[in-house]
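Heads up, the next two complexes both have subunit A, just with different partners, subunit B and then subunit C.
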Partner chain A sequence: MTAAVAPASLLRTAARTGRTRVGLVLVALVVLTALLGPLVAPHDPTDFVGVPFGRDSLFGADNLGRDVLSRFLHGGQLLLVLSIAATVVGVGVGTALGMVAGYRGGWRDELIMRIGDVVLAFPQVVLALLFVSIAGPKVWLLVTVVGLSHAPRVARIMRDATLMVVERDFVKAAEVTGTRRLRIMTGEILPNVTGPLMVELGLRLTYSIGLIAALSFLGLGLQPPTADWGLMINENRIALTVQPWAVVLPVVAIAVLTIGTNLVTDGLARASAGLGRGVER
Partner chain B sequence: MTTPERTEVLTGVRVRGLTVAGVPSGAPIVDSVDLDVRPGEILGLVGESGSGKTTLGLALLAYYKRGTQLAGGSVAINGVDLAGAAVRRMRGDAVAYIPQSPASALNPALRIRTQLGECGGDDARVREVLREVALPDTDVFLRRYPHQLSGGQQQRVAIAMAFLGRPDLIVLDEPTTGLDVTTQKHVLETVRKMCATYSCAAVYITHDMAVVAELTDRIAVMYSGRVVETGPARTVLRSPQHPYTARLLMAVPDLDGRREIRGIPGHAPSPVRRPAGCAFAPRCPLVVDRCRDEVPALEDGVRCFRAGVSRFEVVERVEVPVVSADAALEVRGLSAWYGSHQVLEDISLSVPRGQCVALLGESGSGKTTLARAIAGLHPRHGGEVVLGGESLPPSGLRRTPLQRRRIQYVFQNPYESLNPRKTVRELVLAPARVLLGKVPDGLVEDALSQAALSPELASRYPDQLSGGERQRVAIARALAAQPEVLVCDEVTSALDVSVQAAIVELIAGLRERKGLTLLFVTHDIALVRTVAQHVAVLEHGRIVERGPVAEVLAAPEHPYTQALMADTPRFDTSRFSQ
Partner chain C sequence: MVRLAVKRLVFGALILWAVSVVVFLATAALPGDTAQAILGREATPERLAALRLELHLDDPLVSQYFSWLGGLLTFDPGRSLVNGLPVAEFVGPRIVNSLVLMLTAAVVSTPLAMFLGTWSAVRRDRAADHVTAVVTLVLAALPEFVVGITLVIVFATGPLRLLPAVYVGTGQVTFVDLVLPALTLVLAVGPYIVRMMRATMIEVLESEYVQQARLKGLPERTVLLRHAVPNAVGPVAQVVALQLAWLAGGVVVVEFLFRYPGIGYALVDAVNNRDLPVVQALALLIAALYIVVNLLADLVSLVANPRVRTAIR
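And then the complex of A and B:
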């Protein structure tokens, strides 16, 4: 029997475990906050509503006297969108490269994997810092750089997954009929590597959130006066003892989101490895 | 089992009402099995895949695989119940196990001396057992690692390990699967000798009826977790009482070619979906209403209400004279390499139109490489492949769609050759879409019906099909491309005998009805007679003998073919219908 699990049943299997459910709840909590937040925010994120670090409203005001709650509710949307975009770019490019390397082999494999090794030699943050500091903090650049820094990591995993599938006879069966290679990759191989692909998506999303928040914190991500969780931490950390909410809220949100995606990913990984599935056959 | 004097036995192995259930389904995988094995006796436990024979074998050692648990009954060895703490002391000492694949059962990082030493016994004892299994007892041998031994030697080391502790019960789980027939013969001789020497009760698990006929004293036939028939080997093989046993015997290919093989329609139910009455009822030609409602008890060694009511007529095989025909496919001076290693040397072969050539060889003989080279899957070859007078490029990718269409390939393992993410319809359509350009209406239904499959299966996924159905889908896929030559690479070796027989019938029928030209690759000499008109015997990448099947099998000239004929286990069913 093959250990292959169809994507739908993979999600269903994963959703049966406790950790995935907890993870989904946590992710939903943060995502809903980020998406619906701007609708319920009491003020505009850039309105001055009080004295700097004032404590008149629920969570007080920030370093410039803007409402913390409003900035918090507005600050997640862009982070989420950018993280998801970067993940899609990274996993997409990485999967394509990994599958070409695994399926075609030969010089293509060497070229892709060795270039990947060079990229892997640099820490992701350093790589991102390099490009962003050269070209300046632009949103598209942020997405591209974060995404591409994921690509070699994803490519490695997907290459291994592809190698396992390429050995199987149904790929040879498609080759012997003369099916085009691109069709073989999309029609025969891709549907059989969805397990690791889902896991990679979740994992890279977690890293994207952390990385983009970190870059914003360092001042190289989103620029003031944009409301953004990473930026909020940076702007308000000097008054941490006086007005902790402006830092605590975004920190908690990012932490909860990261833990949530991690739990979901872990559940997916276990489901695709067949752990916790018991012996059903 | 039910004769009075046998129930009194205290020596040997005594199994009563043994039931092993799946977790969490609770469905019995082994259902209330009673067995007795006397010291020195070899019991053949026969069944097809999924019949629960391995689970039962392991339960005899009080071992339960993950997802299974003991649900009732007892196993006693020499009167000592094998339960709880007792079994840990008894394993390796009173009970031993010889697994299916010695290559994975021996630790590749340990020397033979260390492995044998782990099983207890001092140096002198280790050497004694090695001599008994006909292995050298020298220091040089003991210093070797498992990978330095041949498959047969590895299996004999595994046998030596099992007999070191002088066990009272030994369970052998298909220990000759994957060995070639000559090695198998030696291993079987060793097993028989060792069991007699140590007067050890042995349970030999296998799906191979011919092996059972050669080796065992008694037989227990399992179907869907139940022992359906048991008795002395000769009696059961000569006059099977249970319809399943009878049909199973008729599905075994006959090396002597005196009868046709007949498959059993349908497939065995899984433990979860086992029908209420007799598990064989849905496939049984003798079924009556009572069989569907009530589980028959084991009486006089048979679990059947219709035991011995009527036997099945053995279909006498009629030799059809081979007519001459022009060559549809020709191979001229073909040589092939893997890296720098030459696997095929100067092969020339001609496949007459509308006939079947069997390519017979053991693992490593290069038969699959030859088949793949013909299909364009192994481009690294020299020489010529000529299809209908037209020389084909070595690589399938360089052949024209028409050339690719005319030769279709069916793979060995249907669990590997069907993409699990595509429906049967998509699978069957895939080659036709690429090769035919325009897909005619009803192509899928037509191809499925030619492969004797219901069109309703078109929307299923391979995971929802049985092994036999999968292989039929693979054949339907090849037929959909409307080929002239069908290359079948060991198409039945991953399937049970009853399913194998049905697939062989199908393929032979396709040749007769559609005039398909067949190249049938196999390691089973007994199958050759049933399916082919011509045979080419491959050894170490060369054709050592070829000719019409009847002539080659009647008077093999090459020593290798002679050895194959002599070493292949066989049993005589010519009289079983009496």
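And then the complex of A and C:
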């Protein structure tokens, strides 16, 4: 059950299983590609190096005649940064709200959870499309909308986790000695819900990557001429038979990244539940 | 029981109303000039004024909201700004197409996933179980468009050109148009159901009543089908419902990918064209669909599970 565990030790426990290690390697592969890629790319991502869909270089040219390999190597950084930002926003807001709802209860609980229900009535991608439709696909808006669409989902989990902690003696003791509520939440409750918190971070990161890449794929996320994996798939899928690399490379990168984060999340969930006789063995 | 059901219905209606407010505020009250956003930078002041008049953008927000809501309630949510058709006429056939797609995916994925989950639980810790676990974990991680593109690469290009990569018809959907989009959705929702079914079945198979049935000397097949599976269906129904509700949003990306003529593709199109009345109507429609499926799921699990029925007043 929930116990005070440092995030680092949780990760260490998780990393004892083979699957988590595979996940960490997969994530590292894609992150390194995204971070170091721009340094080793042979061309600028927006340089025209050949005829559209030409096959002069290693992976050929894209729909406008730009080098596929160079665009691929440049195309991961923004996706990673935006996904991490959206995850931090979503899990941060969701955790704060979930802890307040669980700890304070009463009308605060009711208010937070009912507003959450309204947000939960929208599929995440529809909520994002709705806000993008008039305000336009701005980067800050993408991060905010994706993050806030995670928040009620995170809040539900963190509220349940908080409810299990608030009944414990050390919280009661802190209350009796007159410790301030904010101090109790950050000092007593938060360290005892790190398990579910870490799992949520992993889960929401996986979904953020998928959602932001999907929005770019729809043409409503990152805008041309940015080099971005989701956008590359959108731009080049009409020529899948002539020039498959321009689609295959970003698809594989997104797949490997999300599989990696999900394997790590699964490991964290097992470690946090205790590897004993759980339902999720 | 009936009182509880009515309570859920009223709550669902309240949420739907709140959703309509969010849809309206997100499209009409966000900072920025709506008319300018629709017409673009080159619009003349006359055209801007005309559009503002047509969309009642100069009215106070509250009266704008109520005239929009009134239109929706009388099934007249205005005209598309792009093709001039009444939104209801434009959206109608697309709703049918999307429902066909969602239902196909649901009908295929649910029994298949429940079977796989049961099989995996019975074969617990053997090779088949481990393979299922890894495959579902991988599929659950993949964004649906990645799954879809992969299916296109495998089945619609290269040596195997079995199925069309995208829809090319004009409104009528045939079986071959349905295969790849439906399969994508099945692979997107299936894994969660498999995992939940497996976890629940493992719990059930270790329970005392299953042991009792085994000790009575019943054949394993009977134990499984008559004693174990019916008891696992209740908890799994919740997850199934959640996944089916997810389809309401899942169709957006999948329909765009396959150019499937449904509400999802229409929504993406409308957002790209800033076709405000269509965006508002479709966003509300998808949210309504999502709420209704969730509500049905609630009611089904109320009926199916006597413990829930009595525990929650």
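Going forward, the second predicted complex is superposed on the first by the 269 of 281 C-alpha atoms of A that agree within 3 Å, B and C clash if a C-alpha of one lies under 4 Å from a C-alpha of the other, contacts with A are read in each partner's own complex, and residues count from 1 in each chain.
Keep in mind that, in the parts below, a residue touches a chain if its C-beta (ideal position, glycine included) is under 8 Å from a C-beta of that chain, and two chains touch if they have at least 3 such contacts.
Bear in mind the structure is a predicted one, so any value in this text is a computation, not a measurement.
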Contacts of A:Ile134 with subunit B and subunit C, given as first, second, both or neither: second
Touched partner set for A:Asp117, first subunit B, second subunit C, both or neither: second
First, second, both or neither for A:Leu220, with subunit B first and subunit C second: second
Touched partner set for A:Leu39, first subunit B, second subunit C, both or neither: neither
First (subunit B), second (subunit C), both or neither touched by A:Thr177: first
Contacts of A:Val251 with subunit B and subunit C, given as first, second, both or neither: second
Larger contact residue set on subunit A - subunit B or subunit C: C
Partner chain(s) touched by A:Arg168 [first = subunit B, second = subunit C, both, neither]: first
On subunit A, positions contacted by subunit B and by subunit C: 279-281
Residue ranges of subunit B in contact with subunit A within the complex: 22-25, 65-68, 270, 375-377, 396-397, 399, 401, 404, 409, 411-413, 415-422, 430-431, 434-435, 461, 463, 474, 477, 481
Touch list for subunit A against partner subunit C, complex: 19, 117-119, 121-126, 129-136, 206, 209-211, 213-214, 217-220, 233, 237, 240-241, 244, 247-248, 251, 254-255, 258-259, 261-263, 266, 279-281
Sites on subunit A touched by subunit B in the complex: 1-2, 4, 6, 168-170, 172-179, 187-188, 191-192, 278-281
Residue ranges of subunit C touching subunit A (in the complex, touch as defined): 15-16, 18-19, 22-23, 26-28, 30-32, 34, 37, 134, 137-138, 140-146, 149-150, 152-153, 157-158, 165, 199-200, 202-203, 246, 248-250, 252-253, 256-257, 267-268, 270-272, 274, 276, 279, 283, 286-287, 290-291
